[in-house]
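You will see chain A twice below: alongside chain B first, and alongside chain C after that.
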Partner chain A sequence: MGQFIQFALNGLLAGTIYSLIAVGIVSVYKATRVVNFAHGYLIMFGAYFYYTFAVLLPGLEWAPGWLAKWEPSWLLAARAEAEMFSPRATVLDWLSNLPRIVLGILGSILACAVLGRVIERALMRPMIGQSAFAMIMITVGLVSVLSGAKGLIWTADAAFVPHIAPNAPIRFELFGSMVFLFGADLVNAAIAVILFSGIVLWVRYSRGGVAIRATAEDQQTAYSMGISVPAVFGHAWVLAATTGAIAGAILATRNGVSPSLGLFGFSVLAIVLMGGLDSYVGVFIAALAVGVLEAMAQWQLGGEWAEVVPYIAVLVVILIRPHGLLGQKEVERI
Partner chain B sequence: MINGNLKASYAADERILDNPYRRGFVFGAAALAAALPFVANDYIILVAAQMGIMLIAVIGLNVVIGYTGLLSLGHAAFIAIGAYAVPLLHRLFAAWGLPEGVMPLLAIPLAVAVAALVGLVVGLPSLRVKGLYLAVATLSANFIVIFLIELDAMAPFTGGFNGINTPEANILGWRLDSQREMFALIAGLGFATILLVQNLFRTRVGRAFIAIRERDYSAEVLGISLLRYKLLSFAVSAACCGLAGALFAYFYARILPEQFELALSLQLVAALIVGGMGRTMGPVFGVVIIVMVPELLKYSFGAIAGGSADVAALRAPVQEIVFGALIILFLMFEPLGIAQIVDRWLRSLNRWPFARG
Partner chain C sequence: MLSIENIEVTYHHTVQALRGLSLEVPEGRIVTLLGTNGAGKSTTLKAASNLLGLENGHVGEGRITFRGEDVFRIAPDRLVQRGLFHVREGRRIFTEMTVEDNLVAAAYALRGRDLRPDYDKVYAFFPRLKERRGQIAGYLSGGEQQMLAFGRAMIARPSMILMDEPSLGLAPKIVAEIFDTVRRLNAEDGVSILLVEQNAGVAFSVADYGYIMESGQIVMEGPVSKLRDDKDIRSFYLGVATEGSARDSFRDVKHYKRRKRWLS
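Right, the complex of A and B next:
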């Protein structure tokens, strides 16, 4: 029982990260009717940008020393007093990393936003009005391009990247059994949930969000109501790229920076289809469910089974409910 | 469609090679393939055999994507099944004590049949979901098949991550132990496949596929059973890929699971889009481009770098970028592929010296 709770909690925490990745795919789909197969590779770029700005850049010779390691005298004094491996010490360690973490996240968001914008401008906008098939296949081509571009830009295998939050181990009792979690995982999950709900509320209530929903409903009508559809496309892509950058940074701290992050996007695509392409709530539920299922598979069957859980789950769900858990059924006229 | 060819009878109109360009191309290609084993060097044979294997697979993919209009991103899985079936069947036959000379004659059709069966299973979601959902379902199938092959529990059969040694083909005593001899087999089967598939689209079944592509509900109204024909389309296409896989296994001495991952599926799709979807010649043009790109890159990188390891390491990523860029550029500027470009040239050639229409 104790292990069950432990694995279920781990799964839920991982699930929130999936939901943060999924929100990018859903947003682009809602606005443009394009399913972005390359989203995982955008996230991989986010992770590598974080690595560049948080590790490579501060490590350069001309970078100021405080960027790599911020050590004002009070911090050093407090650090010397704190016990090794105590929560206090981890927080202080994190504080001295804070400048480069902030630089890393900001740089990653900015760089990814530019990348998303460029993709939208160069590849998606000329295709407005073309068949959805062509646009989707373009994102499939983008998978190859981005994966190759990564190989050209970042040749070295990445090393350690700093955690976004203090990574203190936390122990507490839940339903009569001890549970062990890492502080950074909790903060990551909190960031993911806050961003996810923020985006859902934004799409629901803000002007820009309503424009996205109107475009999703009917492009022609949206146009005639004075909504600039190309601008909506641009917003959706930038939104996806920025959330992707944050998700990439989080994944980089969790799993390390590696090209395999790109494949993550495909499992999240499976989650999105499971939840229903156009339903934020359904996707959130699916993300948490797959997170927990993966943790359970890892616990009972071994680590390698966790990788295929999303794919098996999506096949089962699609066969039973073709439009996902909460997806809207498409009505077709002949 | 190439116009400007005079037909004087219905028989002339119904011929497969209904214009001189087609006749010239097909007979030329057949003559070239027949002559290659005798005149070409080992390198050209290797490239040509790779093209032949890819061609059979892309023809199969063309049935599903090009003619039936079902998007699949997981056809590498069927190639994997065809390829792994061959060594496993050989082991089984050896246990039964069959003579070596008949093994390939049984193993190839059985590998094709197994791939077709798996194709039926993978095609099942196509009844409920379309387009994109199907693309993700087939993608999932690809991941699952590779996962099962790599699984530790399957390692005694499939060799797990390390791959498995494949037997060489021995057809009634003719040992195909050189790539040259294998090429003869591949070329023969390649021609047979392209003919069979081309013929399929002159029959009721093929026309049903095309009707489903155009509008599946309308096809259903016309009395075409979607269940039957969608599954059939998947089975035919998986069978072609299974044949490609079986030849792949005989051609190379060893197969690895990583050769059949998503990258291969994307390569097949790239070849189809570049060549032209739903066209007989599409896979042919596409495969020539897709196989030549890595070879040209190898050649040019060799010329530039002259053996420097740093530059040579950049070749794989550049190759990936070129594949992706080919998909993107063709979709943006010539979605109908090279087949369409060639048609345009031939049309203008037919009308010369007047302006092309």
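Right, the complex of A and C next:
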């Protein structure tokens, strides 16, 4: 039982990260009816941008010293007092990394937003009014362009980056059994959930959300309501790119930066299909389910099964419900 | 208000939909554009609201001005914000959104103008929409959907509405209700209206001036009072037999063919 709760929790935490990746795919799909195959590569860029701004940039010679290691005297004094490897020491270590973490996240969000904007302007906007299929093929082409560009810009593979939150181990009792978690994982999951629910509420209840949904349904009519369709496209892509940047930074802290992050996007695409391309709630459920299934498969069947079992479940769900768990079929008038 | 001068439109660079069409809608008037299927009525409206680009439509010659400005130089959404609203054929409501959100979407037309969306006014006009404000619009009846399409137009506070066959597929009673709204919008808010119809009877009941088009051209125009009495229009559009008797001989059929010639 204790093991079960432990693995279920790990799975849920991983699932929230999947949902943060998925939210970008769903947002672009909702606004533009384009399934963005390149989203994983946007995330890979997010991870590499985080690496650039949090590791490479502070390491440069002309960068101020406090950027790489912020060590005011009170912090040094506090650290000398703290016990090694105690939670307090971990927090203090994190504090001295804080400047570069903040720079990394802000830099990654900004750079990704620019990248998303450029992709939308240069590749998507000229295609407004054309079939969504043509736009989807463009995103497939984008996969090669982005992964090639990554190779040209960054050569480092599997480099490590600082955690976003203090990574202190946390032990606590849950349903009568001890569980063990890392602080950073918990904070990552919280960030993911807050961002996800924020976006869902925004799309459902704000005027901007109405514009996105209107554009999704009928571009021409959205235009004739005074909604600027190109602006909606732009916002959706920037939203996807910025959430992707944060997801990328989080993934980088978990497994290090590497080109395989791009492929990760494809497994999240499967999750999105399982949840229903246009349903945030469905996708959230699917993301958590796949996260838990993965953890369970790892526990009971071993690591090599962890990558297969969840996606078999995805296939089964799609066979039974082609629109996904909560995907909307077209409304037919009765 | 709106003037269309000699425009030509081709789709996909092959199909010519409009060949040198001109018409004029003066301020505060209701002008109707009649024609059979495929005459190019909807294309004319889409050209005026600058939506043709999204359908591979290409405007060759001619120009369209709205309040003296060339519409092709203004993005479609900006055009709506300047007061030119297009109620499109088949209503085109957002079927997956609620009634209320459909109206909220139309509030985007108020951008850049110092106006607030007046939802209560729409609900006062159409109490049935108020009852169903939380419902998914796709499940409304055809008449209610048309009311919603009009409601959106009212939210947008346009100075001119392009209306594409509002009577399409609706029961006569609903049609009467809808046209009553058209008349009120014109009389109370001074909205100019370009009304495209196939149903000449209802169109003439509200319009001041009419144009008749065939194959992408205007073939006839005049004040509605005059058009109404025109023999050809009476027989082709109003379905009233001429000379007060039913056609019963071959001679009359030939007469029909001869008279139809100006239309083709």
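In this section, the second predicted complex is superposed on the first by the 326 of 334 C-alpha atoms of A that agree within 3 Å, B and C clash if a C-alpha of one lies under 4 Å from a C-alpha of the other, contacts with A are read in each partner's own complex, and residues count from 1 in each chain.
Here is the rule we go by: a residue touches a chain if its C-beta (ideal position, glycine included) is under 8 Å from a C-beta of that chain, and two chains touch if they have at least 3 such contacts.
No experiment lies behind these values; they were computed from the predicted model shown.
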item: Dominant toucher of chain A (residue count), chain B or chain C; value: B
item: First (chain B), second (chain C), both or neither touched by A:Ile17; value: neither
item: First, second, both or neither for A:Glu217, with chain B first and chain C second; value: second
item: Contacts of A:Ser228 with chain B and chain C, given as first, second, both or neither; value: second
item: First, second, both or neither for A:Arg207, with chain B first and chain C second; value: second
item: Which of chain B and chain C A:Phe133 touches, first, second, both or neither; value: first
item: Partner chain in contact with A:Leu273 - chain B first, chain C second, else both or neither; value: first
item: Touching partner for A:Gly148 - first (chain B), second (chain C), both, neither; value: first
item: Set intersection of chain A contacts, chain C complex versus chain B complex; value: 332, 334
item: Complex contacts: residues of chain A adjacent to chain C; value: 128-129, 207, 210-211, 213-214, 217-229, 328, 330-334
item: Chain A residues within the chain B interface of the complex; value: 35, 123, 126-127, 130, 132-134, 136-138, 140-152, 155, 263, 266, 269-270, 273, 277, 304, 307-308, 310-312, 314-315, 318-319, 322-323, 332, 334
item: Residues of chain B defined as touching chain A within the complex; value: 71, 73, 124-125, 128-129, 131-133, 135-137, 139-141, 143-144, 147, 150-152, 215, 217-218, 221, 262, 266, 269-270, 273, 313-314, 316-328, 331-332, 335
item: Residues of chain C touching chain A in the complex; value: 49, 51, 53-56, 75-78, 80-81, 85-86, 88, 92, 94-97, 101, 104-111, 136, 138-140, 142, 152, 156
